[in-house]
Amino acid sequence: MINKVVANADEAVRDIPDNAVLMLGGFGLCGIPENSIAALLRKGIKGLTCISNNAGVDDFGIGLMLQTKQVKKMISSYVGENAEFERQLLSGELEVDLIPQGTLAERIRAGGAGIPAFFTPAGYGTEVAEGKEVREFNGKMHLLESWLKADFSIVKAWKGDTSGNLIYKGTARNFNPMMAAAGKITIAEVEELVEPGELDPNNIHTPGIYVQRIFQGEQYEKRIEQRTTRIR
Amino acid sequence: MINKVVANADEAVRDIPDNAVLMLGGFGLCGIPENSIAALLRKGIKGLTCISNNAGVDDFGIGLMLQTKQVKKMISSYVGENAEFERQLLSGELEVDLIPQGTLAERIRAGGAGIPAFFTPAGYGTEVAEGKEVREFNGKMHLLESWLKADFSIVKAWKGDTSGNLIYKGTARNFNPMMAAAGKITIAEVEELVEPGELDPNNIHTPGIYVQRIFQGEQYEKRIEQRTTRIR
Amino acid sequence: MGLDKIGIAKRIAQEVQDGTYINLGIGIPTLVSNFIPDDINVVLQSENGLLGIGPFPEEESIDADLINAGKQTVTTTAGSSLFSSAESFEMIRGGHVHLTILGAMEVSESGDIANWKIPGKMVKGMGGAMDLVASADNIIVAMQHCSRSGDSKLLKVCSLPITGIACVKKVVTDMAVMDVLPEGGFKLLERAPGVSVEEIQQATEGKLIVEGEIPEMQFD
Amino acid sequence: MGLDKIGIAKRIAQEVQDGTYINLGIGIPTLVSNFIPDDINVVLQSENGLLGIGPFPEEESIDADLINAGKQTVTTTAGSSLFSSAESFEMIRGGHVHLTILGAMEVSESGDIANWKIPGKMVKGMGGAMDLVASADNIIVAMQHCSRSGDSKLLKVCSLPITGIACVKKVVTDMAVMDVLPEGGFKLLERAPGVSVEEIQQATEGKLIVEGEIPEMQFD
């Protein structure tokens, strides 16, 4: 096996330049690469294009990188819960591409899978269709959508081994597996880093082939957006 | 949860009519739905179109259905190791569509995923490209390929629960997960059928939503094509 | 007069069929799950990667790694499965999810829906809504019949940027249950208790089709 | 005279770079894995859904559910992963597998390869070969220089139905190592021990480019 371990988040993001295209895993604040985002904040690179389903909240996740104005463009499906985001967008400081969530997931999957374009029904007849090729299949109209790739993909998993195999937990999986495959360089941060052989080969969610760098994150805040409970 | 259990293979295939389009999981003889194939032989329906990566061997797997001439057409990527197959093909008794394996896997995946067509580089410049739309992306030529769907998909898993969740073992996974999603009716046979809650939700390979019928197979021969060993 | 949110959710729960997979949007749709009868077996899908949404967790078993599409903490149930966003939308786009219930700002008489954007005012994004309405066979909209300012939300043509065209099959509001006919028009099926056909007609800008007696909604 | 299959496999093993993912075809390519030096870390991919192919099993640990693409029983190793055929070809088509080594019936001087069909005679199918040659950055062909009847397999133009165009980067035969140049032509790099440039020239129907002294292959 090939050893992909780097010491920490700072080493993992060391060569990400200004104006890079990044993918960042997560849905809301669930499954986001907290340690790598902190390292990107420390590094202070600018002009980033961030592909991520959401943009974090004002004071956590990608929202932190919006505060420091490191992000030039967001490619997302939903960016609510974020006042600073809305301010930068309405003022024109931030470019935003809004993409239907399933199309976003599939375009990223296509990027990793070597599929340059595919047809999907989502968005036909809406603003999303503007400028796109339309074609009918089985009586239903579809849009041609292209793949998305990243210079660096940054994903977060529950467990990983030194050869880059990853296992996610719960709904923290979300966009992470497709993004892992769609990055030229993929950085994985994990809660627990183990030796090859400790993870069941039958239960790997992201095979190590997609991961170039891996490290164990230092601590995870895992902030909850909507804490909802029931009485016993 | 929704209970999908049927008594046995005969009940599972009860309403498959002549001339149906079937998908059958497996790679070589690994991960094939042995019990369901036996039931199809007993049922004696004819004129079937079978989508399966391989066509079994002369006396096992889909090869048995070729012996009984139940198959009108095979859609596969590789059909070696099968003399009766070759005879029927060369005599014109059997129609065959040969498709590159990755394109076959992706077309089936597209069928389950609601993607009617996609571009892939495989087969450009070859016989496979005949009659297909060609388009250049990033300086590389690609073919437009369409989804594949089945009236009935028949898959084999290691473990399953009564609500249709499946876990495969080893390389017996192969085409089974995509086929499970691409069938109008999907029949799953498993080595061990358990109650909901007994399988870890984080390790499910095929979510139950894709499966309409499930049963525990009676015995598995699991014939090996190339028994290769090393001396200790 | 008319139903409250709970009432809308209760009425929609009557539409839920046994043995189906359902995606519930944020808001009133989420409430629907509370009113599905025990003898109706359904599985709820959350597009962020969970099939088989369980009840909210007890305080001590909250798991930040287990949320629904509204970012609320949830639980799994026996028979749940977890998967990626790509797999989740394979289920949706591939037609495996039978019913989508979602909110809307506007619905047109041809079944168009608008619920993702108010130009110059609100830019949250469409999330999974465009995929959902383009895919499921059955789309039910849960909403108020009129906006807070009293304007009808059931229109001839949507005024806001649309989420999908000709996709809504049924609309349940505080005032009425209506089918959206394939040839266009809201066909009135039921009135909310105490609401008259005239009141519904007045609150509906789009074409309302009224044939024969219109019964009141029935609740157990 | 010339190399046997083991020799070809040994020579190709010298091409394998540390830290790469490799797909090995059936036949000579499978043998290559035996000769990769211990200090070169590579991971072997099997397109039926296994990354990290281990050695053949001992008799008592044979598992019918664990085979390679040649349908041979294999094992996993520490760090292996298992996946579907769709995922497997995502790896291949997406360019994550760096090197493909496969056999061929013919290779043309422009890098076309034919290895899946002999019209009227053999109809086994292409398997994963068309995906592999259309995808990997580096494609090395392992084959005999001439057919059993003595005809060159290194041609100006392939006579058999092709598997892929302009994709082969290097050819290693029993007689020689050659690069296929982007502008066309087999550039002779090395001779098998005891084989002369003239003999290689005679056995090569396609354009052979010979510049300067051509060294013999070196084996440890």
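Read from first to last, the chains carry the letters A, B, C and D; within each, the first residue is number 1.
Here, contacts are C-beta pairs under 8 Å (C-beta built on N, C-alpha and C of every residue); 3 or more make two chains touch, one makes a residue touch a chain.
On a predicted model such as this, the values are computed, not experimentally measured, just so you know.
Student: Identify the chain pair with more contacting C-beta pairs: A-D or A-C.
Tutor: The greater number of contacts lies at A-C.
Student: Could you give the separation in Å between the centres of subunit B and subunit C, each centre being the mean of its C-alpha atoms?
Tutor: Distance between chain centres: 36 Å.
Student: How many angstrom lie between the CA centroids of subunit B and subunit D, rounded to a whole number?
Tutor: 28
Student: Scan subunit D for residues touching two or more other chains and write them down.
Tutor: Where subunit D meets two or more other chains at a single residue, that happens at 82-83, 89, 92-93, 135.
Student: Can you list every residue of subunit B that touches 2 or more other chains, as numbers and ranges?
Tutor: Where subunit B meets two or more other chains at a single residue, that happens at 106, 109, 113-115, 120-121, 169-170, 202.
Student: Report the complete set of touching chain pairs.
Tutor: A-B, A-C, A-D, B-C, B-D
Student: Looking at the complex, which residues from subunit A come into contact with subunit B?
Tutor: Touch list, subunit A to subunit B: 106, 110, 113-121, 135, 137-138, 140, 142, 146, 167-170, 202-203.
Student: Name, in rising order, each residue of subunit B that touches subunit D in their complex.
Tutor: Residues 27-31, 53, 76-81, 86, 89-90, 96, 98, 100-106, 108-109, 120-128, 158, 169-178, 205, 222-232.
Student: Name, in rising order, each residue of subunit C that touches subunit A in their complex.
Tutor: Against subunit A, the touching part of subunit C is residues 46-50, 55-59, 62-74, 82-86, 88-89, 92-93, 112, 117, 120, 123-131, 134-135, 161-166.
Student: Which residues of subunit C touch subunit B in their complex?
Tutor: Within the complex, subunit C touches subunit B at residues 19, 21, 41-43, 45, 51-52, 76-83, 87, 89-97, 135.
Student: Which residues of subunit A touch subunit D in the complex?
Tutor: 1-3, 109, 111-115, 161-163, 165, 181, 195-197, 201-202, 204, 207-210
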